[in-house]
Every structure is written in C-alpha cells, then in structure tokens.
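Here chain A shows up in two complexes: once beside chain B, once beside chain C.
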Partner chain A sequence: MERVPILKLGDILIVSIQIDLQDMSVLALQEDLSERVVATGARGVIIDITAVEIVDSFIGRMLATIAAISRMLDAETIVVGMRPAVAITLVELGLSLGGVRTALNLEKGVALLNQIENQTPTATW
Partner chain B sequence: MSVHTDAGRRRIEELLQEHEGRVLKRWLEIAVSSTSNQVDRGGLADQLRELYQSLRQSFGSSGDLSDLRGLLAELSRDRARQGFTPTETAVVVFGLKEALYETVEEDGSPDALRGFIWFSRVIDDLGLFTVESYATAREKIIIDQAEQLLELSTPVVKLWDGIVAVPLVGTLDSARTQVVMEKLLQTLVDTGSEHAVIDITGVPAVDTEVAQHLLKTVVAARLMGAECVISGIRPQIAHTIVTLGIEFGDIVTKATLADALAHTLRASGVRVVKGGESRIAVRTVEA
Partner chain C sequence: MTTAEELPINVNGDVVLVRQRVRTVAVNVGLSLVDQTKVVTAASELARNALVYAGGGQVRVEVVHNGVRQGLRMTFSDNGPGIPDIEQALTDGWTTGNGLGLGLSGSRRLVDEFALESTPGEGTLITVTKWAR
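Right, the complex of A and B next:
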C-alpha cells in the first residue's frame, strides 16, 4: 500500500496527493494526518490535488472527512489546485464540499490560511 | 423486363444520341427559366452537358448510376450554398424529361413512348436523390454554423488583475453552458484569478434550466477556490427568477457589470478613490 507523505512547513501541514487513491491509503492518510496535526500543533492543513485527474464520490467524501477531523483538532483545511474537469465532475455528482475551503493553488492556499488566522483573534498566542 | 420495355429503352438511348444538341439546348432553357436567381449560363450548360454524358454512359454500361449520383450531389451542394430553393434544384433534373418529351413526341413511335415512361422513372429517382443531397448539404451548413457560433460566443475577458468576466450573449443551452463553464474554469487556473463575473445582460430569458447551469458554474468555480458574481440581471429577469422560485442562495448577484466590478475589487482588496489631479488612484491593501 502506498502512503501519502505529509510535509510540515512552519505550522502548516501539506499533503500532496500524487497517486491513485485506494480505500486503504485514504484511511491511512486520515490516521497519519490526525496524528501529525496533534504532534505538530499545526494550525492549517493544505491538501494539494493538482495531480488528481479522476474523482468519484468516495474522494469527495474523503476530503470532507479530513476537513472535519482537522477542524476538530483546531486546524483549518484548504483544498488547493482542483482541476476544472474535476470541479465539473464533483458538481455533476452533486458534491459541493460544504465546509471545505478551496484555493486556486498552493500559494493562494497559504495566503488564505494567514488571512483566516488574522481574522480570528482566538488563534493568537 | 419485357421485350417491349427493352425496345423502348433502346429507342430512348438512340434518341438521346441523335438529338443530343437539341435536347441539351432545350434542357438548358428550362433550367434557366425555372429560377428567379441569377445563374451562370455557361457554367450551367457545362454542368448539364456533363450530366447528360454521364446519364448516357450509365445507360450504356449495366445501369451503374454512381458517377451520375456524384455529379448530382455536387450540383445540389453548390445550389444549397448559393441559396437556391430545393424546388429550383430539383427542377433542373426534372427539366430533362420535358426536354426529351418534345423529341419523343416528334418521333411518335410506340417504342419511344413506352421507353419514355421508363426514362421518366429513372429521372424521378435522380430528382429525389437531388433533393436528398440538397437537404444533407443544408443540414451540414447549419451544423457548421452552430459550431462557429459556439466558438464565437464565449469570450473570457480580464477586467483587473485577478478578476475575469464572461459576458454571455444569446440563449443559454446545456452545450453552450458546458463550453462557457470549461472555458471560465480553465481561465481561472491559467490566470490565477480568484474572482469571476458572469454577466447575463445579453441573455434574453432565464428559465430553471439556465439558472441551474449558472448555479453549477458558480459552485464549480467555488470548488476550485474562486468566487463568482452574477451580474446584468434585468428587472424582468429578476421577476422571472423570483416567480419561478429559483434560489440563488449565498451567491452574490448584482444589477450591472459596474456594480459587480466594484464588488469584486473591494473583495480583492483594491480601493478605488477619486483623486484631485489624477482621476483614479488605486491602492492595494495587503490581505
């Protein structure tokens, strides 16, 4: 089973999905990610799906689940780099990923995280 | 085929050969007089002569009409493009019957008359084939034009750094919305724009289907991390949308493109102020 690497950059965790996701690797990713969020005290998680060309309802739900888990651990999740074809497919499937924030690319995702942090005074320490 | 028909057929072939010049001349006259359009007489004469030769050849060789059909298809295509009516196109073929009939009458033999019936049936078939080719040619023209229209009608323009707009003109259907959606989303990726304005000033009517398409586009853009504003909603359209009970939810809608631009500028942190000397001063606020 292939594992998706989780990279730490400052207080942000970056997950770049570059393989065809199988059920097992997704479950492993969810576990790894929640452990890493706790271990590093990250305030944000960025999931980069630039390389993902095929999506189904399973991946859609996976993204929503990861976002929900991270939010429980006080980290905001941002999905970045969704391709137009992927976005259209998700809409046709009736998935709007409610509760998941999105950005065009990694750079804008990081900017969005900073902006969210500035807006919420509780996040200062 | 009975002996009589064979004899008749042979007689017609002979007549076609003997009186070629006369029949052709008469045929051309009928063809020219059948249309109100301007025709190139010389060109038509050449075409008719070619058809005539091909027809005679097909009678000679075991009744193979494929060459003749090719010529007729070409004729119909040309005429369809030049804007002739189907009748005008078919009459050119049917004219040969009339032209030959005069010769047959002069000849007066029962064989010739019997043969003429057979000949008439052949020409009817060819005439129908002409009309069919004409219709096919016209259909192709229509399909081509629809494709061209599709390409023409979906520009994505850049309004500001990070703001793009899609001015929609004309009726929206599923095919067009698909093209618009794909083009808009691709442009968002290519230019890294976070804001998009969909302007529907030029859309004559909005029904539930069109609204559904618009909503899908906006949601897809959101999934990619861009915000969409719908602008150019005319009073009647606002009325229709409310009457139909369509919910736009939390999607921002504006009456004019200017309002939408102002909104997106504000959202992207650009402030537009009236200055003293310079008319517009722009200051970007770092997010």
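Right, the complex of A and C next:
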C-alpha cells in the first residue's frame, strides 16, 4: 500500500496526490492528515489533485471528511488543481463537495488560506 | 475486430487495475477526455461495489460496434448476495453500507446504457456501455 507524503510549509500542510490510490491508501491519508493537523497545529491543509485523473465517491468522501475534520481542528482545507473533466464527472455522479473549498492551483490555494486567516472574526459586535 | 478481456476484482488493488485498464481501452476507442473520465469513474464505483458487497467478482471489458460507432462495454458480475430491490438501490443516497449511495445511481448517469440484473442469493450482473461521439 502506498502512503502519500505530507509536507509542512510554515503552518500549512501540503499533500500532492501523484498516483492512482487504492481505497486503503485513501483512508490512511485521511488518518495521517488528521494526526498531522493536531500535531502541528496547522491552520491550513492544501490537497493538490492536479495529477488525479478521477475522483469517485470514495475519494470525494475522503476530501469532504478531511475538510470536516480539519475544520473541527480549526484548520481550513483547500482542494487545488481539480481537472475540468473531473469536475464535470463529479457533478454528474451527484457529488457536490459542498463543504470543500477549492482553488485553481497551489498558489491560489495559499492565497485563499491567507485571505481566510485575515478574515478570522475578532469580536465584531 | 473484437477485443474483450476479463479482469478479476478480488482485492483492493484490483479496483485500481480495473480503472487503469478501462482508461486505456477508453482512449483506444476514441472517447473524449470527459467521457473517458466518466467511464473510468463508473468502473471504479461498480468494481468497488462488487468487492465490498459481493466479496469480489469480475469485469469483462470489450470494444463494441454500432455501425461506424465504437463503444466501450463493461460487464460486472459477481456471485454475492444480490440486490433485493433494484429500484431502491438505484436511488441517489440509498446505501446499506456507509457510503454515499451514489455509486449505482451516479454510474447510471455517467454512461449511455445501463442494465442491472440481480437475483437475491445468486448475484448481480451490471452491463454499461459508453459510445464514442
């Protein structure tokens, strides 16, 4: 079973999926990422799927789960690099990935994280 | 010319092999990039279902012809518990596992032809076809 490496850049964790993952590797990634978010206190997770040729219900669920887990751990998840054909297929499959933020590429993903950070609500009443 | 091959679906890694093989055939048949992506996604869903719910099975992948049109046909078969209520199984969101209940209904939307036969206690046979445009 392949394991996807998790890179740390400042307070952002970056994962780039480069191979066709079997379900067990997808689950392992989900667990590894949650652990690393806690261990590092990261404020953001970026999952780069530029090289991913299909997102089926299993990987889609993993992306949504990672986003939900990190949010509970006070981190934002951004999925970057989704191919147009993958996006079209996901919608037709019926997966909207509602709770998952996306950006076109890694650079825009990092910019989005910074933007979210700056918007963090301080007392506004 | 006909090409057909039978691929086993017995372990997790077989689902990956099915995806990769279907991609290659989809390219050869001349499916567009979007249609390749759709048919590979459907293959992934149906192969995983065979593995998870039937404990394994196989898929026959073949190139089919309709006049000058070429298509890719996949026939998934297993000897698992079968699906008692097919209509229900094909409903978005219906699952007996812990999935999203999108595999069957979503796959049906991703292909041009979809046929599901199942006999409780005997198994399930799903045939899907995607035609090149």
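The criterion applied here is as follows: the second predicted complex is superposed on the first by the 120 of 125 C-alpha atoms of A that agree within 3 Å, B and C clash if a C-alpha of one lies under 4 Å from a C-alpha of the other, contacts with A are read in each partner's own complex, and residues count from 1 in each chain.
Criterion: a residue touches a chain if its C-beta (ideal position, glycine included) is under 8 Å from a C-beta of that chain, and two chains touch if they have at least 3 such contacts.
Only a predicted model underlies this, so the values are computations on that prediction, with no experimental measurement involved.
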| request: State whether chain B and chain C clash or fit side by side on chain A once the two structures are superposed. | output: fit
| said: Is A:R3 touching anything from chain B or chain C once the two structures are fitted on A? First, second, both or neither. | reply: neither
| said: Applying the document's definition of touch, where does A:F58 land relative to chain B and chain C: first, second, both, or neither? | reply: second
| query | Touching A:Q22 in the superposition: chain B (first), chain C (second), both, neither? | reply | second
| How wide is the angle at chain A between chain B and chain C, using CA centres, rounded to the nearest 10°? | 50
| task | Applying the touch criterion given at the start, work out whether A:I88 contacts chain B, chain C, both or neither, answering first, second, both or neither. | result | both
| With both complexes placed on chain A, how many Å separate the closest C-alpha atoms of chain B and chain C? | 8
| note | After superposition on chain A, the chain A residues reached by both chain B and chain C are 83-86, 88, 92
| Once bound in the complex, which stretches of chain C touch chain A? | 12-13, 15-16, 19-20, 23, 33-34, 36-38, 40-41, 44-45, 48, 92, 99-100, 102-103, 105-107, 109-110
| query | Once bound in the complex, which stretches of chain B touch chain A? | reply | 181-182, 185-186, 188-189, 192-194, 216, 219-226, 287
| task | Spell out the part of chain A that touches chain C in their complex, as residue ranges. | result | 20-24, 53-58, 60-61, 83-86, 88-89, 92-95
| request: Provide the residue numbers of chain A that touch chain B in the complex, in ascending order. | output: 79-80, 82-88, 90-92, 96-97, 101-105, 108-109, 111-112, 114-115
